[in-house]
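What follows is one structure encoded as structure tokens, with my remarks underneath.
The letters A, B and C name the chains in turn, as written, and every chain counts its residues from 1.
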Amino acid sequence: MSLVPQTATLVEKRYLDPQHSLFRFVFDDEGVRESFSFSPGQFVMLSIFGVGEAPISITSGPDEKGFVELCVRQAGRVTGALHALEENATVGLRGPYGNGYPVDVMEGGNLLIVAGGLGIAPLRSLIRYVLYRRDRFREVGIGYGARNPESVLFSGEMQNLVARTDIKCILSVDSVPEACRWDGHVGRVTEIIDRINMPIEGTSVAVCGPPVFYKFVLEKLLSLGYSKGSIYMSLERRMECGLGKCGHCVVGHKYTCIEGPIFTYWDAINLPEIF
Amino acid sequence: MNTSNDRPKLGLYSLTSCSGDILEITNLEEDLLRLLDVVEVVDLNVAMPSTGKSPDIALVEGAVTQPDEARFLRRLRKKAKYIVSIGTCACTGGVVARGTKKRKEWLREVYPETGEGFTSTFPRPVGDVVPVDFSVPGCPIERGYLMHCLGYLLKGVTPEVPNYPLCMECKMKGNECLLRYRGLPCLGPVTRAGCGARQPSVGRPCDGCFGPYEDANKEALVEIFRRMGLGEDEIRMRFDLFWER
Amino acid sequence: MIFRTLTKESLPGFLDTVSGSYRLVVPEQKGRDTYAFRPYSGFHKVAMGFLRTVIPPKQFFFPPREGLFQFTTGAGIETATDEPPSSIIFGLHPCDLHGIDILDRVFSYGERDTFYWRRREKTGFIGLSCLPDKYCLCKSMHTDFIVDIYDLFLYTLDDVYMVSVRTALGDDLVRLRPDLFREPTAGEIAEYKDRIEEREAKFTRIMDITNLADLLTLEYKSDVWERFSQRCLFCGSCVMVCPTCQCFDVFDSTDPLTNTTVRWRRWDACMRKDYALVTGGHNFRGARPERFRFRYLHKEIGFAEMHGKPTCTGCGRCSETCPAGIDMVEVVRSIRE
């Protein structure tokens, strides 16, 4: 039934930083657990019963079966209540919703992934998708920017990516506090795009991060000559249903929850009231 | 059933007011009895001596008019997890805070002998004295609304309440608009919803006891009142009853 | 589609019979000057001459406030299991039938909305012809007649109703009282034609929507929006009464006594300030003129981009209801100027 979630159990809660944690859920219904499938960039509506619902990107990979992982920032009612939950608690999940990244278009070409802060959440799913079938992509580059070393989400996983030779992954932080060790880049995210140095032709770019991050990264990508049609961004809008019914996510004339949240930069700038 | 130790503790406090809001709660009758299964009432200052226990949720009605009351609130703030102002008096000052500027004069007129010596201060909403976690407005409060809020507060979550003007609630009931069809000075367009449009539903214009809706276009409504032929004084009095402080 | 006639004296008997087999809903006078769709309680209450109800028929499939499911620890999620009754709504004018057509599309686009369709599927419609007043804009919106959606449609003639029987359900209804229906006569057909012309002549106000979508886009930054948003109360009434406004909010309410949570959906309006507010405080339509404009853009362009027609059915409810006297015709004229 539309709008009615499936119950799921919180099986694991992993602390990432004071604001963010990774939550792993298992659907209570065995049939749902097995049939639930999604593509990277899609999201679920997460219910904390008695508190409400919030749209959250799926951060686990589509090939990881049996569970769903969400990386959530504590931002208000629902996300706050989620952080207060203990393992074994019951939540509701419905979805997956949204279009997700056009992986069929991306496959066969080069892929550049640029994430800022929590923007890594949907992109982590895409990265996992790529790692699972690395041979289907030509060059793969990943740039991830965070405020400081403490706020690099999934730092262990990200370090493993840096160590890989079949992927060019560079991490970047704005600044490094004194007592901190950091061997990644220090400075702007736009600088690591230069260092990753991906070809322009035949490259899809997936970008996700906070508004200021978009501003600088998009400027940079355009100046390098990437086509607006090859840059994919994820839009955040208020969402109450995820089904193209409640109206809240409409931007211009499009429902972000159905036609998005992934839009090419070209489609995005053709929507009025985009920023 | 919960044992008394792990039930959340509820305190009900009445400051300067008509006690109408606490009455709304005690009028819950059988629901009140069931509420007592869910919470432990540690204070009910209009009816029983304090148990001395600290409340998790303190519901405070009435405006602050006495130095004692302010002192009491400051102490309560240290003990209570949530302070919730209930009723318009506690939320914005309410009827008792009307015309505060002329208060001294009134006191002299009404109580010619003793008026000068009254210790009462200008009525203030609870939130002017101590930080308030949540407000449940209404004169009197709406029980369903309060229960909805308690449902959230008992989970430790800030309640999600309607954040739109009363007209939307009124229209959802299919009411004939008093402003549009009867030329009555209804405050619905600028007032927070939540009461279920109790006045307009029985043909009386809304007096605004839930307080201003956050995006109220007061100027536009005043303009409509003027065009309806209301004088400036009448218009001021409409807003002055509850709406504006 | 076949045509039958029904004499005016027979209508009460027909509705009585229909109400014996279906939950029948009819227009009744509610306020001094307003009407509401209500359960049938005898023909004497039916407001045959009504033009529009305050709340459009959407309320029957998409109620102002609807519990979607309840959650209790232990029992988990429970949804309503009751079967909605088979219903007939009597008295729908073409605009309202068009409105239902639009909502049907909205609530089927993407995933079907089960809550809407569980009631909608069990509802049939008896249309009724009408004569326009000064708020009616159906002529302008090309919704002044309708060829689908309804099951029966009654065109009012002098002594009889010319009845269009469009669906099998319509035929079922006719067969409840076959004695009341008969073949139209040549004279009745001629009268029907005259009535079409008489009705045409009664449309006194026309809203010119030629190239309106383009004009609204071109005048995106016009000061018209600012001007109207000073007068607009942002009271949301126009949205509540619109037969095609479908926006809603979703929220939970927990009964503290039973600890049972109900998930509700409730009508919402795009004029509302935090309608497009997201976490972090960014509001995509914070300013009033943007919100005022959005309603027009959504009615005239947004839906059309997906379904090929504007969502305004010209029913006139928004203009009649608006406490600030804001009239769609005036707004559109200002944009054209």
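Quick notes on this one:
One rule holds for everything that comes next: contacts are C-beta pairs under 8 Å (C-beta built on N, C-alpha and C of every residue); 3 or more make two chains touch, one makes a residue touch a chain.
For clarity, every value in this text was computed on a predicted model and none was experimentally measured.
Taken as a contact graph, with one node per protein chain and an edge wherever two chains touch, the assembly is complete, since every chain touches every other chain. For subunit B, the chain whose average C-alpha position is most distant is A. When each chain is reduced to the mean of its CA atoms, the one lying nearest the mean of all protein CA atoms is C. A separation of 44 Å divides the Cα centre of subunit A from that of subunit B. Once the centre of each chain is set as its mean CA position, subunit B and subunit C turn out to be 37 Å apart.
Subunit A and subunit C have Cα centroids separated by 40 Å. Residue positions 251-252, 254, 261, 268 of subunit C each touch two or more of the other chains.
Contact with two or more other chains is made by residues 151-152, 155, 160 of subunit B.
In subunit A, 50-52 are the positions where the chain touches two or more neighbouring chains simultaneously.
Residue ranges of subunit A in contact with subunit C, taken from their complex: 1-5, 7, 28, 47, 49-53, 75-76, 90, 92, 211, 236-238, 240-241, 243-248, 250-255, 258, 272-273. The residues of subunit B lying in touch with subunit C in their complex are 31, 34-35, 37-39, 147-148, 150-152, 154-155, 160, 162-165, 167-168, 171-177, 179-182, 186, 188-190, 214-215, 217, 219-221, 223-224.
By the touch criterion stated above, subunit C contacts subunit A in their complex at residues 68-69, 71, 73, 76-77, 79, 106-107, 109-115, 217, 220, 246-252, 254, 261, 263, 265, 268, 270, 275-280, 282, 284-285, 290, 294, 297-298, 301-302, 305-306. Touching subunit B in their complex are the following residues of subunit A: 50-52, 77, 80-81, 84.
Chain contact summary for the complex, subunit B toward subunit A: residues 151-152, 155-158, 160.
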